[in-house]
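Shared between the two complexes below is subunit A, which pairs with subunit B and subunit C, respectively.
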Partner chain A sequence: MSDADLAPGAAALGEMAAGRSKDAANGHRRMGRITREAAVGYLFVLPVMAVFAIFVFYPLLRTFWLGLFRVAPYPTIPSKFVGLSQYRNVLTSPDFLASLGRTGEFVLLTVPIGIVLGLALAVLADARIRGIRFFRTLYSSTVATSVAVVSVIFFTLLNPTVGLFSYWLGIKGGNGILQSNTWALPAVATVTVWQNIGFTFILMSAALQAIPEDLLEAARIDGAGGRSRFWRVTLPLLSPTVFFAAVVGIIASFEAFGQIDLLTQGGPDNHTNVLIYNLYTSFQNNDFGKASVLAAALFVILLAVTLVQFRFVERRVFYG
Partner chain B sequence: MGRRWGRAGRYALLTVTAVVVGFPIYITVVNSLLTPQQIAHRPPALFPLHPLWGAFVQAFTTAHLGLYLRNSAVVTVAITVAELVTSVLAAYAFTFVAFPFRRVLFFVCLATLMVPMEATLIPNRQTIGALGWYNTFPALIVPFMASGVGVFLLRQAFLQLPRELHDAATLDGYGHLRFLLRVVVPLNRPIIAAFGIYAFLTAWNQYLWPLIATDSNNVRTVQIGLRQLESLNIDQINVIFAGTLLAAMPIFALLLVFQKQLVRGLTAGAVKG
Partner chain C sequence: MNGQGGRPAGAHDGGTGLGGLVVAEPCRLSFEGVTKRFGDVIAVDDLTLEVAAGESLVLLGPSGCGKSTALRIMAGLETPTAGVVCIGDRVVNDVDAKDRDVAMVFQSYALYPHLNVRRNIEFPLRSRHVPADERARLVAATARSLGLEALLDRKPAQLSGGQRQRVALARAIVRHPRAFLMDEPLSNLDARLRTEMRAELAELHRRLGVTVLYVTHDQVEAMTMGQRIAILRDGVLQQVDVPRTVHDRPANAFVAGFIGSPPMNILAGRVDTADGAAEVMVDGGSIPLGPAATAALRRRGLPDVTVGVRPEHLRADPAGTLKVTVALAEYLGHEQHLGCRLPGGGMLTVRLTGTRSALVLGDTVALAVEGDPHLFDPVDGTRIDV
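== the complex of A and B ==
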């Protein structure tokens, strides 16, 4: 055999060897690229994950854990592990059930009325007439206020001696609306509805404007009057937004704290002592065990509200 | 005939409801320009014939509104910037970067939407204490440096970008950071702005956490300052109204400028399309 005979084979072998090493190099580079890619991914999600781990998930679990410990009446004595008995005691106490009931009342006083008013304003302002922009801006304006701003304004206007609203309601000194067992909760609810009206209005207006004009036109051609167009076309198309507003509204009502703190501080005689305020006062009294049980209860209730609503309401709303 | 009456009726209803919705703010403005005696006068003055600005001065001097507003500005700007940066980074990774457990981690982000801040209040107060952060700005800022809403909203927007854009950028030798800063962020400016406004509004209006995490005026935000303001004596009722207006003013100004972005931010989750 001559060198020439061997040459092609050797060349082929050489090529194969080179090819293999190129493959290997590619493999390394690909591996490198994949791990590098993953590293970039983890690096980018790290800040968010760190904050969530430390300030959302860890404390959520710890809330349930703290509910197992009864805090001693004196700060020097360590709290005692009492297991689930504290959950049982707190969750069956008349104090908890009363605050839960008042929270339910508060939800009923704020959510349906808020949605109906927001929708009514949106329908009213849904017309191409002169000056409508002014009205729309005005109706939206309460989103620029905070709960604290609105509460302080109403608190002052409801002051029994100098408040303008008290004067109009015929109250002269003594107890005002916010000091009345009957009217304190409805008053706080009214303030809440007023503060939220801008948000609900914006939501409902956006949804109204998203309704295709030709659908309403088709209904008009079919001889549907204004009222039946609203009930048969507009409202079904708005149902996802109404559903969304209801869920958001219920959750917000359960979390309504600022208005209670600034208007009534849970009074008079606990008549506005809703769940979240009960939690706050327990916390302020250093009863971390009870406060944790209440926080856990609040979490479970809101989770249930969201899940139940998604399950049952979503089926009946119309997604166009 | 019906149509004309319809229009007149609509204007009448619009006007009545506008008065009802607008009155509390209107009377706040009026009362902030009156003296306590004028405010207490009956029948009440519904227009400031001789407006006085002294109440606004007093709100700054006796009610420390300047300090509270400064604190709110520091906290709110820090939270907004941090939420924007962390949400953009995470949303980008969840859309354009392949890494193990990506879906799981995204669902973890979504799960935070189900956890109300009240459910974590007590341990978070303890954490802040353990870190020595009670009564400091970090206590008011760090727990809110990430937002599940932000990650979700921005990811939804980033998903709308055509895949080819990413491929083309990769071919051009763009790394992730360059693609993010030169392409993704500029193309999504509207939704990023909308989320920014939403984040700012939410941070500015916080009440319960700042109340629990601080008790010193040096770091307390204006919402908690309002609590102090409310307890002013009735003979300073005009200062209460003026201070409340000052506390609301920055957000009113912001919304006048960014009305469109706010509407977009508020309705992003609710309305399809």
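== the complex of A and C ==
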């Protein structure tokens, strides 16, 4: 209980004991003020809490609940309560495990490369040369590009008949990259990295600019060359940003949907059928029970990944 | 080896042992006609200055006078627009900061916040690929000599200002550089700690016998830390000399007003040599001149002159030749500063030592000047030598 909760009771007791003494009256007024302040505070957070409750907490709980029901293939037949058996069935199915594997691959293909590229571009753009603003704008421009636009552009570039990539790679006819079991997932991952690079670039640039010039100068005078300064001073000071980018990047990759839907629809042969896409198709097929289980699984996995990151990775992160 | 009472500073046989520290042979630093422009702004203007090997020279001036730029040029953090920079006998204009082998202490200390004290101190040693056991020995010796042993595992954020300052010093000392560059190293400390560290730095310089180029805007720091003081104004060197000379014989009115606390009173005057002994007529009265000063002004032949009188050379005297009104009194315990208004509106500062004066605000009082005043050219401010 907070002070504010205790306040009215304590003040009332004080009043009784002191027989409405002046002190007690003062105390009452003080406590009353604290209570009022608390009430005003709750009033301010109320709208946010209401929005969260309606659009986040309720759907979340509802999802877990829906996972307990088996939905019949026809809308007219009512759902049947099957309890945790549906969780067991879905979570042990080869279909789920396969899409989980794809998701893992997708995360590994997108997050590390995205961070390294974003950081590399930020370091390049940190140079004080004429016209660097142009490149800064260019590098961050993908932030302002929607995933649909990016997907359409890449879809055209990757098209086996008219796409430039096929032309450059000398592939004539046959299956395109997006139709290749081997290359479809890396291709979608590449699009994702490209799309996200602007955001990572902005994050890293801001963090780079926040590093005091003094430190890098001190390192220079202490005999550290450019590379040494980067590894021994810049990178450690960027570690909170890298950590943040990793957490956000992993979550974003787990939830990457638009580019997959627009480029491959989970194909070819389920090779890009990541967890979120699997969830979507289940939903499309009116299999709300399975979709809910997958959604719950996604939630738990992301929660676990984030907790693990905070628990173990953050220890190696330096906050100034 | 024991640091106390060891060899005299500056003795070298490829390195002097001092509390386990190896001290490199100190070397001279020199600027020869160095100019630095930032766009249209001239930060350093044709600076020629040499710091002798083992000397502690203070670059002094108000903020924006180019002293930090000069230091950064020596460190290799700025490239001079013109001129030659030497460390020892080597021209270093094209040598990168990391290869100059000078240490720098920053105003902000610039400690690496992610590294503990030990790693901060050994940072320059790691850059030079010093073997681990040697590193450990040097860090231990340096930490011992600066009283940092108990703090080695702490991060900079867990240290007080004075401790951070010490770590920054340790990081500079540990690598036994050829020279130390210090950029206002004490200005982030509170007054008391600053006085303490000032003494410690001076002691450290005496013990290590290294070359130090020290930048400050604080003239008290300059007077106490520098074997010589170089005063800069708007990028131009005004005077370089030992503290006593800079104080007693300032080269121009700017130096005169900058050195000394409270600052020297500067007044516009007109020479009257009608009778035998000359005097300078100023607002509020006149200042008598001795024979030498009279002769110098006669030789000069021009009537207008700028007069400088140190506050400590003024005293209340019924026979005094300056009439002023006491407008301000600051009692500092060991001395008292009086702000006295001149009839024309100007102020004169009087520094009284010893017993507290009986003067109260609003009193009209006569002031006498002890000895000859400083005389400067009213146009360019240069000293008129007597």
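Throughout what follows, the second predicted complex is superposed on the first by the 274 of 320 C-alpha atoms of A that agree within 3 Å, B and C clash if a C-alpha of one lies under 4 Å from a C-alpha of the other, contacts with A are read in each partner's own complex, and residues count from 1 in each chain.
Here, contacts are C-beta pairs under 8 Å (C-beta built on N, C-alpha and C of every residue); 3 or more make two chains touch, one makes a residue touch a chain.
Since the structure is predicted, the reported quantities are computational estimates derived from the model, not experimental observations.
Partners subunit B and subunit C, brought together by superposition on subunit A, fit side by side with no clash.
The partner that reaches more residues of subunit A, of the two candidates subunit B and subunit C, is B. By the touch criterion defined above, A:Pro212 reaches subunit C but does not reach subunit B.
In the superposition on chain A, A:Trp231 makes contact with neither subunit B nor subunit C. Of the two partner chains, subunit B is the only one touched by A:Val48; subunit C is not.
Touch criterion met: A:Leu262 reaches subunit B, while subunit C stays clear of it.
Looking at the shared chain after the overlay, A:Asp222 reaches subunit C, while subunit B stays out of its contact range. Legend: residue contacts after superposition of the two complexes on their common chain; A:Thr156 is shown touching subunit B, with no touch to subunit C. The overlay of the two complexes leaves subunit B and subunit C separated by a minimum Cα distance of 10 Å.
Counting contacts as defined above, subunit A residues 320 meet subunit B in one complex and subunit C in the other. Of all residues in subunit A, only 34, 37-38, 40-42, 44-45, 47-52, 54-60, 62-63, 66, 121, 124-125, 127, 129, 132, 135, 137-157, 159, 161-162, 164, 167, 194, 197, 199, 202-203, 206-207, 210, 240-241, 244-245, 251, 254-255, 257-258, 261-262, 276, 279-280, 283, 288, 291-292, 295-296, 298-299, 302-303, 306, 319-320 touch subunit B in the complex they form. The part of subunit A that touches subunit C in the complex is made up of residues 212, 214-215, 217-225, 228, 232-233, 236-237, 239, 318, 320. Those residues of subunit C whose C-beta lies close enough to touch subunit A in the complex are 75-77, 96-104, 106, 108, 110, 112-115, 123-124, 126-128, 157, 171, 175. Subunit B makes touch with subunit A in their complex at residues 7, 10-11, 13-14, 17-18, 21-22, 24-25, 27-28, 36, 39-40, 42, 44, 85-87, 89-90, 92-94, 97-100, 102, 105, 108-109, 112, 114-127, 142-143, 145-146, 148, 151, 176, 201, 204-205, 207-208, 211-212, 223-224, 226-227, 229-230, 234, 237, 240-241, 244, 247-248, 251-252, 254-255, 259, 262-263, 266-267, 269-273.
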